[in-house]
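Read through the structures below before going on.
What follows is a pair of complexes built around chain A, which joins chain B in one and chain C in the other.
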Partner chain A sequence: MSAALARARQVIASPVGRVLLALVLMLVIGVIFNADGAFLRWTTHRDMLRQVSVWGMLACGMTIVIVTGGIDLSVSSVLGAAAVAFSLLTIQEQWSPLVAIVLVIIGGAAVGAVSGVLVGRLKIQSFIVTLAAMVLLRGLAKYMSGGQKISTYIQETGQVVPLPPIFDRIDARVFGDTVPVVVIVFLACVVVTAFVLRKLRLGRYLYATGGNAEAARLSGVPVPRVLVLGYALSGLFAAVAGICQAAQEQQGDPETGMGYELQAIAMVVIGGTDLAGGRGGVALTLVGVLTIGYLQKILSINAVGEASRLMLTGAIIVCAVLLQRRK
Partner chain B sequence: MSQATSLLEARGVSKSFGPNQVLRDVSFDVAAGEVHVLAGENGAGKSTLLKILTGDLAADAGTLRGGARVAMVHQELSLIGPLTVAENLFLAREPRTRLGTVDDARQRREARALLAELDLDLDVDEPVEELPLSTQQLVEIAKALATGSTVLLLDEPTSALPEPEALRLFERIDSLRRHGVGIVYVSHRMEEIYQVADRITVLRDGALVGTAPVAELPPAALVEWMIGRPPSHERRPSASPGDVVLRVDHLTVTSPRAAAGARVVVDDLSFAVRAGEIVGLAGLRGSGASDVLHALFGDRAGHTSGAVEVRGRRVELRDPRHALARRFVLLTSDRKQKGLVPYMGSIDNATLATLPRFSPRGVVHRGEEVKAAGGVFRQLNLRAPSLAAPVRLLSGGNQQKVVLARCLLSDPDVLLLDEPTRGVDIGAKEEIYELLGQLARKGLAILLITSELPELLRLSDRILVLHRGRLTAELERAAATQQRVLEAALGASA
Partner chain C sequence: MRKPNTIETFGILTLSALVTGCTGHKAKDKGEAKEEAKQEEPAAAEPAAAEPAAAEPAAATAEAEAPAGAQKTIGMSQCNLGEPWRVQMNADVKAAAEKHPELKVIYKDAQNDSLVQRSHVEEFVAQKVDLIIISPKEAAPLTEPVAKAVEAGIPVIVLDRAVLGDKYTTFIGADNVKIGREAGKWVAKTLGGKGSIVELKGLMTSTPGQDRHKGFLEGLDQKANPGLKIVFDADMKWLEPDARREMESALSRQKKIDVVYGHNDPGAHGAYLAAKQAGREKEMKFVGIDALPHEGVQYVKEGILDATFQYPTGGEQAIDTALKIFAGETPPKKIGLPTRSFTKDTLEAGGELIQ
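This part shows the complex of A and B:
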């Protein structure tokens, strides 16, 4: 009995345990404030997952960049630009959706790679590089769209064209209408990120770069190249998120996703990944994504007003981080 | 000590961390005006005892007497770089004007008075980061004394200091002693201990071995106290050197930091190292010895000229990655800043430079990696609670073994070693010496820098002495003595 207790305490004291504790607390709160049983229905959880998926994709890339000791503020604008580009290509230009998806994803990765070059080769601080990229790409999104939302209504002609089926396909549910496709996409991003960080040489190099860039360089780690790849992956995930966002909104809104970069950072941090770099992982981020997702859901099913919701979210981010801080 | 007043006295102190007892019934005292050296291998309990003396840790048993204020002068300085000397001295207790703002004039005046008392001639308006390390340490000591401390704990104060600066520190310690300050001094360096100590206390495995006046404890006895057996004094058996492995012709290196009028740090240096040979590079700070190693490793690209050949083939000094591919390996002097990735485990740290070998298609084969690293760890006798645990949790000696393991896994032809035993306890040092001997016998060409002369003399087949980037002496092992090395290092041509 005492052995089991000691074991339980050990689990709770481990980094993963502390992070899970925040999530479990959140679930307990949800069960208590269940809004007449709403929290106990699968649809509530399904909606929550659908709502966090886009943020979660950004958080995957953010985890990779934060592991290298950097930050990527540009993900929200990459998302916006990708949503616009994808809508332009598929709705207005009537391109094949597959080609459009591939092109947008390559574009996202390329944009990330440029940030990576500035950070890795030209040694500019990532905060500054990606802040500039965030502003620039938001501008690009507006430039591409002419400031308009790209939807099935074509302004020049006043016509309404049909919505390409790919939009509904991404925004659908599978497995007997239970699991949203975007959730599957999100989980795929988590799996890819975990594979990169844990199994690939690149992953090891990402941790080494974030943990001690000088030691890594002197050990022959191609640090600039590693950073380029890290930011490229972040851009890639942001482009995927942008396509999903466009599908969910059924249009390419150049204003979409503003402020999402901060959500993504909050999720990574609640997961316990160290902003100083060299530590953390995507499993932790997944827990952080769920924690924030449930928080938002619990507040919304209990009809908490937006003002209180924002204040509570801020307070709970701090509490969650305090909770998982090592003694 | 009955003849002098004891400033601080610990009696029967014990301390455990969980199941680990790190101190067992240890007694220790410091008298006014004495330097009491605390010696022992890494893990002997020195740091824990220091923390108990400062009150940072509470002892499980035992008493602490004597109300002296104790200040610790850390290995890593606690000064704030961009602030001036005066601002650092009065940090968080600045003199105020009536309006509540900092009384800058008074602060500078008092700072000057304080430094004058310690015979320190410093500009109080200079940012401390611009001062040499030894001077920063003196500022830190001044700060401790200014807050009324009468006992100073110096934990390896010279570990980051070049020889001349260390000598300056010893002078100051002498003057502090005359002022009646009690000093507890932790050091791994033999000569240094005998330079400063009045009394020596040795800890081993958390227990007190003994306390003795320095005159009654000759070096051999001290080492025996520390490691529990008589030390071996033999020199490394002389190898029969083979063919020339490394040939360096007209190597010139300029400082990457000097923007205007590039300063030459290595000036037209030519030498060769044969297979199986350990060549020592000696020199004081600013001699350029460390720059030679970094340049050969391609870490001074764009600031290097000259020709380097390995087994007759020309090698470009492009970057560390290129050097590693040409089987050059550098062990850096500063394992924290330039060696280890602190949160990675021992295995991941050891394989960092050879990871492509364990991941031919980009996916790491963990099993092969663990096997290869494990083999080298056994060879090095690495003691780690877990090979996956962050390497920062290991003792200095074991951390150094992890860095050495990384070098060995690279299977080098040329091994460049910059202070391979810094911050390593005596037991681990012996193991490292033994290892270097084995590597030389295997036919590696080894270039060695160490600031400890006995170590240099013991290991080197040949010693090249540099003074301000120029070769001032080349001594065969039979001709090498501490005095001749030092003379050449100080610039007296041999």
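This part shows the complex of A and C:
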């Protein structure tokens, strides 16, 4: 009995255990404030998963960048530009969706790589580089779209074109109408991130760079190249998120995704990944994503007012971070 | 690479919040300054009624009276072309001005910066344009530049948001309370006085959000129609993804929903997408506000929304008023804009005018 208790204590004391504790507490809160049983219906959980997916994709890339000791503020704008570009190519230019998806993803990765070069080779702080990229890419999104949402209504002609089926396909549910496609995309991003961080040499290099860049360089880690790849991956995931965002809105809104970068950072930090770099992982981020997702869902089904929502969210983020703090 | 310390981290969060805060919230802060303008409301209702009818003949006289070749230059200062609605306003000004070849309009976009907009007005004055149309970002910082322009003998038409005091030529704007009220009346009539309503509000810290809510309650008139109940409401901050998220919560809580009222069309559209995924879109009606031609009106055409109420840009009326001023007339100090409702039945006719 006491052995089991000690073991339980040990689990709770481990980093993953502490993060899970925050999630479990969140679920308990949900069961208490279940909004006439709405929280107990599985559709609520399914909806929650769909809602966090886009943020989660950004959080995957953010985890990689934060592990290197940097930060990527540009993800929200990459998402916006990708949503616009994807809508322009598929709806207005009627390109094959596959070509459009590939191009947009390559574009996102390229943008990330440029940030990576500036951070890695030219040694500019990631905060400044990605802040600039955030502003620049938001401008690009507005430029490409002419300030208007790219929808099936063609401004110049006043004509309405049919919505390409790819939009409904991404926004659909599979496996007997149970699992939203975007959730699968999100989980795929998690798996790719986990693979990169754990199985590839690049992953070890990313941690080494974040732990101590100078030591890493001296022991033969090609730090600049590692950073370029890290930021490129972040841009890639943000582009994927942008395509999913466009599909869910059925349009490319140049303003979409504003503020999502903070959401993604909060998810990574709640997961326990260290902002100083070198520590953390995507499994932790996944728990962070779910914690924030459930928090928002509980506030939403209980129709909590906006002001209280913001205050509660702030307070709970602090509590969650305290909970997973290393003793 | 140096590790970011706590202060840096804090800086990162605040700074990026600042940046997103500045460029973000495309929100309909339009009409933010309407609070002040509203006090004059009752008096302004009549000219509003007369306006559209009077506009056409007046424009025609202006054209006839203007000596051939007398070029008039109008400076148009827009506070922010990042919002589709404001892009539409410029498009409306342009479309109206193109009908009169003697008019030349110079467009400037202040990109949501009051001080930039201030310098735009000053540039127009220095340039000695014949008239200024300004859609100000906010009242206080732009009151003085506008007053200076009027003192320099340049008439100024203030569009959508007011400036303080009375040193401007005329103010043209729409009334969110009235539009909300029309939406409320439509819902009450459509439901026959009984039903469950979901209200997806715009930013409730913004005047348009508050006004569209207040007007809606007035229009519903729950005292006279106790059967009308708002069963779920949430702040979706004018954003479609947020509206969809809140609607999913409404759907999981409420077994029966009869009407969804979104404070803007993207909000109502987001709610529709949520209902459609739950297979419940046929159960309820969707009502929005704004009625941009390529957005709300288009949604009605596609059968997504059942009704949308126009928040007019006033672009056309501004040019009409400018022509009147050039013809020597003195326009009323405040011109209220009528709204239009778009439903499946009135779509063909270009909406139904509500005075």
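Basically, the second predicted complex is superposed on the first by the 327 of 327 C-alpha atoms of A that agree within 3 Å, B and C clash if a C-alpha of one lies under 4 Å from a C-alpha of the other, contacts with A are read in each partner's own complex, and residues count from 1 in each chain.
Going forward, a contact is a pair of C-beta atoms (placed from the backbone, for glycine too) under 8 Å apart; a residue touches a chain by one contact, two chains touch by 3 or more.
Owing to the predicted nature of the structure, the values given are computational and were not obtained by experimental measurement.
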Exercise. Quick one: on chain A, after the overlay, do chain B and chain C clash, or do they fit? Just give me the call.
Key: fit
Quiz prompt | chain B versus chain C as contact partner of A:51, first or second or both or neither | solution = second
Quiz prompt | First, second, both or neither for A:135, with chain B first and chain C second | solution = second
Quiz item: After the superposition on chain A, what angle is formed at the C-alpha centre of chain A by the C-alpha centres of chain B and chain C, rounded to the nearest 10 degrees?
Solution: 130
Quiz prompt | Touched partner set for A:265, first chain B, second chain C, both or neither | solution = second
Quiz item: Per the overlay, which chain contacts more chain A residues, chain B or chain C?
Solution: C
Exercise. State whether A:221 touches chain B only (first), chain C only (second), both chains, or neither.
Key: first
Practice problem: Classify the contacts of A:318 with the two partner chains as first (chain B alone), second (chain C alone), both, or neither. | Solution: neither
Practice problem: For A:255, select first, second, both or neither according to whether it touches chain B, chain C, the two together, or no partner. | Solution: second
Exercise. Name the contact category of A:127: first (chain B only), second (chain C only), both, or neither.
Key: second
Exercise. Tell me which partner A:204 touches in the superposition: chain B (first), chain C (second), both or neither.
Key: first
Self-check item: Distance of closest approach, chain C and chain B, by C-alpha atoms in Å
Solution: 12
Quiz item: Which positions of chain A sit in both the chain B and the chain C interface?
Solution: none
Quiz item: Which bits of chain A are touching chain B when the two form their complex?
Solution: 199-205, 207-208, 211-212, 214-222, 278-279
Quiz item: Where on chain A does chain C make contact in their complex?
Solution: 35-36, 38, 41, 43-44, 47, 51, 69-71, 73, 76, 119, 123, 127, 131, 134-135, 138, 142, 146-149, 151-153, 155, 160, 171, 173, 209, 213, 223, 245, 248-250, 253, 255-256, 258-259, 261-262, 265, 275-277, 296-297, 300-301, 303, 305-306
Practice problem: Using the touch definition up top, name the residues of chain C that touch chain A in the complex. | Solution: 1, 3-4, 8-9, 11-13, 15-17, 19-20, 23-26, 81-84, 87, 203-205, 232-235, 237, 240-241, 244-246, 248-249, 252-253, 270, 273, 277-278, 294-295, 298, 301-302
Self-check item: In the complex, chain B residues that touch chain A
Solution: 297, 299, 320-321, 324-325, 330, 332, 337-344, 348, 352-353, 355-356, 359, 362-364, 406
